[in-house]
C-alpha cells in the first residue's frame, strides 16, 4: 500500500510521517506541501533526517495517482475543501484530517467556521471516521472525514452513556483541556511560549467549531437533536487532551455499574482502556500513542456522572486515528502499526 | 503592628513572609517552624537571603504574645486545630490558613477530612475570611478561618449569580485547574516533576475536601442546602487556579447582563476585576497578585452561563487573602501592601 | 520625579511599568508605543487593569519634555538609535535598554548587529549602566546605556576574578542558559511553545551580539583586549538567566578564597548575593527581583574556577537595572523601589 | 531471544519495557522489582495496560535462567554490584545500566561514588558498551557496562576531535543540561515540580560521578591521563540532555573541516547525525529515539571549537543504548527495533 501525505509541514502531517514510517503495510510515496515544494522535509523538521526524510513536492493529484493508493490531507479547513475532491476524482482513497467534511449540516458549518462549506456531494459521501463508534461505515468507505481532536475525546467519553439512555443528553457539559500543539505550527500570540507557559486559559467559550461536531455524534447515538456545552482550555503542555464530561443520570447508578457499561461497550476495542474504580487517567499515560483512556465517577449526592477521557491530540486526535481508519478501510487489524507503548515519562 | 508566622517553611508561610515584608504597616516579629527551629530561613529558602531572612523559632504561644499582635498559621489541617486555640487563648488575633476552622458542620468535616474536627468553641468563633462576600463579619473578628484556594476562586465566580437568584444553585458544576504549588512542599509522586510535567489529570473526583466549603458559602447566599459538583485538576504549572463554573439560568439572560450584574456586585472591591464581553481571564494575568479576574459567557442555546475565574492560589488563595483579612480586621484600606502589578510574563 | 516609558508594549517596557508603579519616588507620566497609540495598555496586557493602566501615546519627545524628567527607552536596537538622541536633545535624562549605545567600538557594532551604529556623539556620551562595576560614572550621567541581560550576568560573574588578576581573561568561557522572554513578544518559530517546550538548544554560537559587550567590560577591568567564548542557550522557562563561567586560574586558589574575594568585591552592593561554599544559585531564587546571585567552585585538578550567576533577565537584566540606574543617577538609595522578596516558588 | 528486566519500576526499566516491546527479535520473559513483586506493572505505570503489562516478580537469578537468555539491570549503583555477578554466574548475558561496572579504576569509583566498588573480577570482565566508539569489544562481550547518560553525550561529542589529535584534551570543558528524568522516580526536593519548574541550576559542580567516566573514555582515545571540567545542570523538562563541549584547537581549523571530520568518524553509524554548518541540534529533535545529534562551530578568534550534542537520556543515554548493545552482541543490525522517528513536537 502506498500512501501520500498533503500538508506535511504541519504537526498533523509530520505525525503522519512518523506513524506511516512505522507501519508494516504502508510505504510513503509522496509528501506534499503547498509552501515548501522541493525542499527537504528535514529542513523544516531536522528530527526526520536519516530516518524518514523526503523531498517535499507540490500538490498534484494526477501525479499522486500514479504513485499512491491513498492520500491523507493534513491541510487546514478551507484548503481541504478544495483539494480533497480532486484527489477523490482521481480515484484515490481520501482521508481528510480537516473539519471540512465532518458536519453534515451546511448551516452548522457556516455558523461555526464562518465560510461556505465544501462541495455537498463530497460532504454527503464522507464517512465520519470514529472507528469505535461507527466502524462498520468505515469498512466500506473511500472518503473519510477524520474526527477532530476534541470531538474524539468527548465522543468516546460520552457515547456509552448516551447510547444506553442513562443520561439526559442535553445535560452534557464538556470541559476540555488541551496542549498547545492542537493549534498547529502557525505563529500567533496564543502559542507564544512566554504567554502560554505557566498559564491556563479558556478560549472560544460557547463558540468553538467542535461543538456541532460533538453534538452530531451524540445525536446519532440518541436519535434526536441535542445541545451541549463545550469549553476548550489551553494548558501549558505540548501534547494531550483531557475531557471532563458531566451529565445528569436519569436513574440512580453506581460508579461500578458505569464502569461495567463502558467495559462492555468498548469490548474488543483495543485503543480504549477503562480505568478501575477510584483511578482517573492522565494525558501523559497515552503520550505518543493511539489510546483513549477513560475513568468514571458517579456522585450519588448530585446524581451526576463525571467521565474523564484522555488522548494524544496528534495521535488518536488526528494522525493515529487516520491510520486506524486506513487499517479498518483495508480490512487489516485496526492496531496495525499503532500498538506502541506510550512514551512515559 | 507586629505579626508572627507559624509554618514558615511551607509555601503558604514563605509567601506570607514575602507579602508581610512589603507591607507598610506590619513588621515580622517571629517566624516559626516545628521542624527546623534555630535554622536560618534562608537555609530552606535561599531567595530570602539579604532581604527577609530570619532565624526560625520553635512554636511557643506565650513567647509570641510578648512580641506580636497577630499570628498567621500556615500549618496543615490537624496541626492548626491544635495550635490556633492556644494562640487565641494568649490574646493574639489569629488568622488560620488551614481547613480546620472553615466548616461549621462537624459532620462535613469528618466526612471529607477523615478525622475529628477542632474544638467547637473555636470553630464557632472563627469568621470565614472572604472579604468580598463577608467583609462585615471580618471587621469585628479576632479569629479568622482563611478560605481555601479553590473555594475562593469558586465562590467569587458564583456568588453574584447565586445571590441574585439567577441560577439554580444545584446545577452548579465547578471544573477547577490548579498549579502544583497548591499541594505544598511535601514530597510525593503527585508532585514529581517527571510525572506532572506535560500532563493533566483529575484527582479526588467527587470527594475533595473543598466541596463542602464551597457549598457552605453558596448556602449562605441562597439560604438553603445545596449540592454542587466540584472537580479539581492538576496542570503543569507552579501557581494559579482557573475555575470554570457552569450553571443553569432560571430565566433568559445575556452575557452583557451577567457582566453588568458582576460589575455591580463587586463595585468598590479592588481585587475583583471583571473582563468585558468576549474576553476571558488567564491565570498568568494575576500571577503574584491578590486579584481575582472573572469573565462570563451566556449560551442562549443551552440557557447555561459559563463563568471563568482566576487567582494566584498562594496569594488570593492563601497568603494574600490572609493579609487582606488583616487589613480589614484592622480597619485599614484592604489593599494596603497588596496592590502589586502581577508578574507578567 | 516623573518618568516616561517608550516601547511599553514589549516585555521590557511592561516590566518598567510594573517596577515604576511600585517605586515610591517616581510617577509614570507617559507610556508610549509606536504601534498602538490611543489604545489602553490593558488591551495588550490585561494584567495591568485597575492597577497600572494608562492610555498609550504616540512617541513625541517635545510633549514628553513637558511632563517628564526621565525617559526609559525599551525599544529594539535600531529604533533606540533614532529616538534616544531626540529625547536627550529635549533635555530629558535618557536610560536606553537597547544595545545601540553600549558598544564604544563602531566596528564591533557593525560586525555583530549588522547595521550602522547610532550617532557617535551619543555613543560617546552614553554611560554603561552597570552600577556594581561602574557606579561612579552613573552618578554624573544623563544618558545611560543599560546593559544587556547576558552581559549583566556574565560581567558580575567574572569581574572580581578579572579585576584581581586571578585568571587568564582569554581563557574565559561563558555558557549561558536563558528563558524565552529574553526574545521579546514578537512572533517566530523560536518562541513557539510547541517548539520550545521540553527542549534545549544553543543558538547564535560564536556570533551573538552580546559577545563584544562582555569583552568590553572585561577589557575595562584588565586594561587590555580580550577574546572570550560565549554560548547562549534557550531553555523552556519564561524568565531567568544562568551563566556558567569557566576560567583558568593563574595561581592555585581554593573555593573559599574565591568566595572571600567575591564577598569583598561586592561588599555594600545589596543586589549581589554570594552563596556559601558548596551551594549554587538557581534562577528561581531571583525571580521577579533585581538580585544577582553567585556561587563558586575551584577545581584543583584542572586549576579552573567555575562561577555560576543567576538573574531575572527582565529585572536585573533589563528593567530593574534601569530603575537601579535611575536611583544611582538621582543620588537615591540604589535599592529604592527594588528591594522585593523574589517570587518563590 | 528472551530478555528479563530487573528494576522495572524505575524510569530506565520501564523504558526498556517500551523498547523491548517494539523489538522484533526479543520477547520479554520477566520483569522484576525488589519492591513490588506480585503487583501488576500497570499498577505503577498505567500506560502499559493492555499493551505491555506483566506481573512483577521478585529478583531470582536461578529462575530467570530458565526463562531468559539476557538480563538487563536497571538498578541503582550499589544494587547492580550485588545482583549482576549472580546473573552472570547463572550463564546469562548481562547488560547493566548502573555505574557499578563502568570505571576500571577502583580509586576513581571510591572517590566519586563514596563506597566500595563491585567485585573486581566482574569490573575487569565488563565491556564498556558505547557502540560507536568501542563496537568491536561489544561483539564478543557477555557482560556489558552500559554507559551513563552524560558520558554518552559527552564522549560522542568529543571523540572525533580527541582521536584525531585536533584538541588539547586537558582543555575540554563539558557544560551539560539535563531533563529531570535522569534523576529517576525517587522522591526529593530536587525533583519537586514547584522547585524545578521555571528554574535552572547547576549541581554537583566539580564532583559529579560521571566525570571520571568521561575522562576514562577520552584517555582510551588519546592514550594518556586527562582531567576535564564537567558541569551538569538541571533544566525544566522531562527528557533530554544537551552537552556543550569546549576545547582548544592545536591548529587552525574551520567549522567545515570539523564537520567533515565528524562525518567521516561516524560514517556508517546510523544513530549519530551531524548537522550542517550553521545549524545546531535541539534535544526535542531526538525525543524518544536512540539518535545522538551533533553540531559544531569553530571560533577563529579564540581558536576554540564548540561542539553541541543532544540525546534522549532515557534512550541513547540508557535503555536504547542497552538494546543497541544487545543488537551488537547478537550480531544483529544495530538499529533493530530502534529506528523510530523521534516524537516531535
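List of remarks:
Letters A, B, C and D mark the chains in the order given here, with residues in each chain numbered from 1 onward.
To be clear about the criterion, contacts are C-beta pairs under 8 Å (C-beta built on N, C-alpha and C of every residue); 3 or more make two chains touch, one makes a residue touch a chain.
This is a predicted model, so every value here is computed, not measured.
Hopping across touching chains, the smallest step count from chain B to chain D is 1.
When chain centres are defined as mean Cα coordinates, C lies farthest from chain A. Shared numbers divided by all numbers used gives the overlap of an interface; between chain A and chain B this overlap exceeds half, so the copies present the same residues. Annotation: C-D is the more contact-rich of the chain pairs B-C and C-D, by number of C-beta pairs in contact. With centres set at the average Cα position, the gap from chain B to chain C is 36 Å. Work out the mean CA point of chain C and of chain D, and you get 38 Å between them. Touching two or more other chains at once are residues 11, 179, 181, 194-195, 197-198, 236-239, 281-282, 284, 287, 345 of chain C.
Residues 170, 173, 175, 177, 179, 194-195, 197-203, 205-206, 227-229, 231, 233, 235-240, 242, 244, 246, 280-284, 287, 295, 297-299, 301-302, 304, 306, 308, 310, 345 of chain C are the ones that touch chain D when the two sit in their complex. Note for the complex: chain A touches chain C at residues 11, 179-181, 183, 185, 187-189, 191-198, 236-238. Every residue of chain A that touches chain D in the complex is listed here, in rising order: 11, 14, 17-18, 21-22, 45-52, 181, 185, 197-198, 238-239, 270, 273, 275, 279, 281-282, 284-289, 291, 293, 339-345.
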